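Next come two complexes built around subunit A: one with subunit B, the other with subunit C.
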Partner chain A sequence: MKNSLLKDDTDRVDGIDKVTGKAKYFAEYQLPGITYGVLVPSTITKGTITGIDSKAAERAPGVLAVVSHLNRPEVKGYEASNTKPVPNGTLKIFYTDKIAFNGQPVAMVVADTYERAVYAAALVKVSYNKEIHATDFDENISKAKPPRNPSSAFYVRGEAEAYKNSAVTIEQEYILPTETHNPMELHGMLAHWDTENRVTVYAKTQGVKATQNTISSTFMIPMENVQVNSEFVGGGFGMALRTWPVEIAVVMAAKKVKRPVKLVITRDQMFTLVGHRPHAWQKIGLGADQDGVLKGITHHAIGQTSSYEDFTENIVNMTKFMYKSPNVNTSYKILPLDVGTPIWMRGPGEATGAFALESAMDEMAHALKMDPIAFRLKNYAETDPEKNRPFSSKYVDEAYKLGADKLGWSKRKNEPRQNKEGQWLVGYGMSTGVFSAGRGKATVRGVWYADGRLLLQSASSDIGPGTGTGMVQVAHGVLGVPVNKITFELGDSSLPPAPSQGGSATMSTVGSAVHDACTALKNNLAELAANSGMSVTDPIAEILKKNNLPSIEVTKESSPGNDQSKYSMYSFSIHFVEVKVHELTGVVKVSKIVSVGDSGKIVSPKTARSQMVGGAVGGIGMALTEESVIDHRYGKFINNNFADYHVPVNADVPDIDVIFINKPDPYTNPMGAKGMGEIALIGFSAAVANAVFNATGKRIRTLPITPDKILS
Partner chain B sequence: MADKKTNNCPEKDSRRDFLKQSTLYTALALTPVTVLKAADKKVDERFAALFEKIPLTLNVNGSKHALSIEPRVTLLDLLREELQLTGTKKGCDHGQCGACTVHVDGVRVNSCLSLAVMNEGKSITTIEGLATGDTLHPMQAAFIKHDGFQCGYCTPGQIMSAVACVREGHAKSKADIREYMSGNICRCGAYPNIVDAIEEVQKSGGTV
Partner chain C sequence: MINFQYIRTTTSKAAVDSLGKDKTAKFIAGGTNLVDLMKRGVTAPEKLIDINNVPLKQIELKGNILHIGALATNAAVAEHAVVKQRFPLLSQALNAGASAQLRNMATVGGNMMQRTRCGYFYDITMPCNKREPGTGCGAKEGYNRMHAIFGTSEACIAVHPSDMCIALAALDAQVVIMNPKGERKISFVDFHRLPGATPEKDNNLQANEMIIRVEIPLNTLAENSYYLKVRDRASYAFALVSVAAGLELKSNRIIKVRLAMGGVAHKPWRLTEAEAFLTGKDATEVNFKLASEIALKGSKSFGQNNFKLKLAPNSIIEALNQAKSKA
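Showing the complex of A and B:
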């Protein structure tokens, strides 16, 4: 690899397409005879459909079909799965008369124009038999149960609940409300059956192979008969990690009308049909001696799920290994409610857990009258206390120092309410984030042409981080081919397989396969050169000409080795913030941010920095404004739009300093890189809560930190 | 599904009932063709569709378009579905996100909130009309240089808004830029980079 990669400021390979409007997202492909789907959502939250009067809709101009459970085409996977869970455990759309959540699609109107479909959908009259629903988390919390597959969430090291016996104890509850991913691109799908048995879809997906697999198993057609295209994806943040029932509905409708059907759901449907970060309750107990040595940590969590599916996430993971307490116990339960199934949202459960743990750490530091960084360093885990093995790399201590210096941590007073600028109370806070630095299996095809061009292909995805840009730089690092001569193709299910883009694993997984494929190409070229009495330093054109070859080609599968079982592999982030809190109004402004990434070698500095910046911006929303509110009388989201669900806008965001440790991890992958999509966000909300406490003396344990909570 | 050809049930729609019950001649004399079409299902649908549409002349990115469209079509849907100018994005359909921002006679507008027919004779500039041939507009180049995007979906709206922001004189400080760019949401969180890009274009002093 090249040295000093941080000096490289390679632009995004798809930058020109994105700034000129040429980049095509799923809804922007024009197919002959295209038709438009519009959903009819359930207006009740639980019960059964007693009738669907679609006569008026069917007679409306341009309407081709009103698809519902009464007339849907055969879906073999749904029938076959009657005795076992449906494919991926998901809701079978248009299958029965049962309603499981408010907004569940009851029918889809398909018409020849979008406007005609919208109009006709309004003419569909649905009658229901309503049942009593349960959407209120607090009211139903006693119904929480262990997940069917409790995995490692129930954990004890040493003695359970040992914190209670310590000299200094903290015991607090923390609440995270439901949040909605809300990528800017609306979800949906464009589907067309090329033949009775072969379908092409344009999807918004974080995994073209996963979408291919779900459609294949649902319609019981061979994998190769499902072509999934998803070159550009307008953000995902986790919501496109599964193939949602509405996507199956589009494939179904296209089968019924025998024409291409395009569905783009509405912004309010983004709150109900494509998952959310689930509402979660947590209780943390910390016990320490007077010197600040942690003696016990207890972390209990309950996360919401749907009535028809067990959704789980790793809320309590970080607690097990972040600090070296001899006694740690964790538990995790799920609470089924009458809502759609949640899905992992950036930094999934870890972001929820880090809010609680890192808030509690700050509370304990305050109780001990210690600096929060000093307290963390006192309990620093040099090795992984959960698995009793070394970390593959960990520079968190260095990261604390770098971040503190950059922010001006020395201005912070340990007692709150000590800094003031006019009517604004000023506070400083920090927190730690961590996420598994996983690596999976991927295959890359590489073709190196005589004219020097390099083509790389893998069925990976790019929801925004800059997959292609990163892969091109990995290849450049191995072969030295100029980046503008390298093309990385992704987002096409017919390419060599790669896993879905999630869990911050794309660089490690697909990057390794690119690295291996390029290494193989390099070796092949060296062999050809040697066989023809040439040197590998000779131009590729001449080496190939001598061997009568137009190009050389490899297809390389790449898997992680044994190191994953010998070392604990994690990416870490440290977030520092300065906040200003208005004394009279309770308004909180994040005025400075320093985020430090301990994520191995930085392969693509420009896009890596942007990802850290983006995580911090998401963190501002999580900390200060984001909350999807249900009116429990109706079981319906009431702030399901951008005017009422506040994501950060430009004016909410200060300049953001990003620092990378940028030291290669010796074990994660050949690049020495670790992922950073999740850590960019994980822990950020706790840094804000801690800073708000430092500014005001008020500890807010229920997100978001809105003015009413500060003033109450 | 009901068969359209054999279904002769009377319409239940109250407006249609009203029309049928009114004095036929008065109705014929006063009712536009479009409504008459709705009252009489026997009118051939393809024929009727012609009358539902109304003529519209637009100048889009320097090209004149003589169109015939339904009055309920938004400018955004016209651009994306009829003219295949898909650079303009749909993010909310409520004027809350800015992804659909275009220039109408030089002013930035949320095209999802504008019915196409309201723009008769106006000049529309979309992201596709910003560059000159292969030469990027300075704002487009600055967005690439400062990495003012990730997924790219809000980007055309951000850039159209950014160009207008500079032209309006609302880009003279970072604070101004942040305020006057707050109608364009970027969920990937590229805001600081967007501010840097706009500031650079503003400071370069060139024509935007």
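Showing the complex of A and C:
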């Protein structure tokens, strides 16, 4: 694999720990007196529990408790939140006899070994009063409703539905099925009450402070009485952005048995208990004049949610500003079904929306007999047409050119079915992705020791992108301390606060705080040097010795300035792919990938490149293989395992060329960086669908693009 | 987990004797399917008889017959020089199956004994006549995209999941079986069963019998054979449709042809009528197409697997094209 512009330099700071097994994940922790939880899932999809017969399970060897709504310990936060309006709240686990989705935990068996807990869980007999459930999106689509918080998704610029009046129009529907995150690491928690009022947990979380906050408010104990540890996370992709009811169940069970309880959920439970990318329906209308100038864009979307909670995401937002059209309108509704609540999955709603918009753009280019890049450039937004202000930086036009050259776009013929290698039809496609380059508030503590070591601490997370590596490189950039002398500590709720790792904001947010803390250390050292008649270029050991100090220390909170209201800040990605489609079998192979990231200054080339590679792999999954299938007669997932839910394997992934624009953004943060976790995936599936069209002349508007759809 | 006894044996006779004594005992070799089934609660043997130390790992040519011991691993067979040279179809089929890790563990006998991957069979809260006779077939009106188009019954529309077995069916293999009375030999194509009214029975192995080895006669197909596996991803996925095709060609005339399909029936599906049609004819696209139409006679789909009625004949043509072009 090649990296086209940047030299790979700094290795992952925790790379060796990860590949040698030294890195410890939550499920690997052992505590004295540890016990194991196993869930008893509901076998109905909607209704009430009429009885739980746990006698046999309780008598089984090693069993300490069978926790359910019949005997759970008091959870003060559950009672207190009863005063708030329902049902828009998290599912209160083991709280009532109500079943809201298939697989909802009815009870947790706690035993002294995992094997005994598994056995006993099978002995718990639950009886139900079954009600008619609704899990079929298509059948229930008429029940879609605006979300309780109607957000900015309802938007009109100029005239609504104006596309219909144009010379050339496109109007199409696009479907994304439910997808499940399926990181390698299973979800769960290890919890132990150190005292009546103080709990320590080992978690799989994208935010230790968020987990600390949820446990604190649910059990109504002070924040400082909740210690959350989550140094290593084996993939999150968004699913660990909230503290799920099942984690509260572990804390509850630990309270009941007064011993540490560890729960690791099973792969099939990953489909029901920890969120998913929701099924979505979209309709796009595009109108253009004969010269390819867009006159109207309309984007309507409906996303699935659960019956008890409004989950919303930004499916239609990109449509409002990506192309300059005088008339744009969008709408977004949600459809409550009897399933668990969804959660953001990498590139979240934006990836869903980009599939539709960027497919439609390709359809319009074809209708106009224009090259898809030329069509996009014709409607290029130099400034943000939604908010009427400049972009902080945008080099998408340059990215189009770089990517096209690298892929060999000139081989593409505008008419489909023109390139063939034996029985394989060859096609080329591209698309654009965009995600907000947000920055939040974070605090970093920095200690610079006389021996030159630098310790940085913040309660941030690393779900895989290489947070520590990036932060070390930011610090190195400010202070010049060699990277192997810098340690960045994260994943511990007692460290200075940082937001959860989500929305591609960690580098911008925590990186800025690292930058500011290091700058403060540098100034402090300069001051000490000046006060003692030394130069700042003198060795730190001597400056500190002269001042009789073992180290210098700062704790620095860092927040975005008001540039965020003056500029529209976005990261962009341009994906180019070549596909080969077998005429007889309908098999689609992605044979070349070029992903271009317009994400400001690249702080950590190696991990940044890995982000783009991972996004492309996820994009192949979204485009070609991933779909969580429910049998609606039972309301239950039927392909809930790694053999049947197809994430791409190595053999599905060609070499991936990653190109970075690598120009600092003047306004986002001191590093000039913009986030990139999401853009790596956003838009990718449309590039594949567009390439499949170019290869075959067949437009697939329902993902994933499997052989049956090619042959139909 | 449910407790069970575990014993080890070192001879096939001892293995068969132990099995005969205990109705709920099962052999375990690679365990790549059985352990999953036990974890999911699909099966709960009271005793596991570990046969890994029984000396049945041989892969050797005896006269005109290749003998493959039941405990030879899938990886060992696939990479064996004689198999690669004389039976490339078998090597290709094995390498198309599972993953490298699984092939290192899985054995030939175990591969033949693996159960269907039908989701309703694996989920013990769902109806399945194969797992629990009389509960109904969940797939027939449910998620049946992966399911059979040939030889289905009211009771079951599941497919046999193996790749190796498709090649062995095409290669006229024989299965050698041991029981307390001695050994018996049956044709590979008669080893697995159609579901009929007893889908709980995958094959014709009796309760006190053990697969000892597979025998494959040398053939004239090695030059022109191809295993095509069409699937949803490039590796570690079960076949939507697979085709084992072997041709003996003289100039462009088909002297001999062997065809079997996977992913379409409860057993490896040998295409004898299509073979008969092609024998003696020219290896042309037209004849391949006609053969594929003959092969589809009697097929029946169930909604989500309707596409197999097109994919299956297309795959036959593609496999024959590939086999032919190897020359």
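As a working rule, the second predicted complex is superposed on the first by the 700 of 712 C-alpha atoms of A that agree within 3 Å, B and C clash if a C-alpha of one lies under 4 Å from a C-alpha of the other, contacts with A are read in each partner's own complex, and residues count from 1 in each chain.
Here is the rule we go by: a residue touches a chain if its C-beta (ideal position, glycine included) is under 8 Å from a C-beta of that chain, and two chains touch if they have at least 3 such contacts.
Quick caveat: nothing in here was measured; it's all calculated off a predicted structure.
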Worksheet item: Of the partners subunit B and subunit C, which touch A:Leu584 in the superposed model: first, second, both, neither?
Response: second
Worksheet item: Of the partners subunit B and subunit C, which touch A:Gly614 in the superposed model: first, second, both, neither?
Response: first
Worksheet entry | Touching partner for A:Ala651 - first (subunit B), second (subunit C), both, neither | both
Worksheet item: So, A:Ala643: does it touch subunit B (first), subunit C (second), both, or neither?
Response: both
Worksheet entry | Greater subunit A contact set [subunit C / subunit B] | B
Discussion item. Tell me the contact category for A:Arg633 with respect to subunit B and subunit C: first, second, both or neither.
Written reply: second
Discussion item. Just checking: does A:Pro465 make contact with subunit B only, subunit C only, both, or neither of them? Give me first, second, both or neither.
Written reply: first
Practice prompt. Name the contact category of A:Asn182: first (subunit B only), second (subunit C only), both, or neither.
Written response: first
Discussion item. With both complexes overlaid on chain A, does A:Glu115 touch subunit B (first), subunit C (second), both or neither?
Written reply: both
Discussion item. If we overlay the two complexes on their shared chain A, which of subunit B and subunit C does A:Asn669 touch? Say first, second, both or neither.
Written reply: neither
Worksheet item: Can you list the residues of subunit A that meet both subunit B and subunit C?
Response: 115, 119, 641, 643, 648-651
Discussion item. Could you list, by residue number, the parts of subunit C that touch subunit A in their complex?
Written reply: 1-3, 41, 117, 119-120, 122-123, 125-126, 138, 141-143, 145, 228, 230, 232-238, 240, 307, 310-311, 314-315, 317-318, 321
Practice prompt. Write out the stretch or stretches of subunit A touching subunit B in their complex.
Written response: 11-12, 14-25, 27-28, 30, 54-56, 58-59, 61-62, 65-66, 71, 113-115, 119, 182-186, 232-237, 264, 266-267, 463-466, 606-607, 609-611, 613-618, 641-643, 647-651, 653-656
Response to the item:
The answer for subunit B against subunit A in the complex is residues 1-2, 4, 7, 9, 11-13, 41, 45, 48-49, 52, 70, 72-73, 77, 80-81, 84-94, 96-97, 99, 126-128, 130-131, 136, 140-141, 143-145, 147, 149-156, 159, 177-179, 181-195
Discussion item. Which residues of subunit A touch subunit C once you look at their complex with the stated criterion?
Written reply: 43, 115, 118-119, 122, 423, 582, 584-587, 589, 624-625, 629, 631, 633-634, 636, 638-639, 641, 643-644, 646, 648-652, 706-708, 711-712
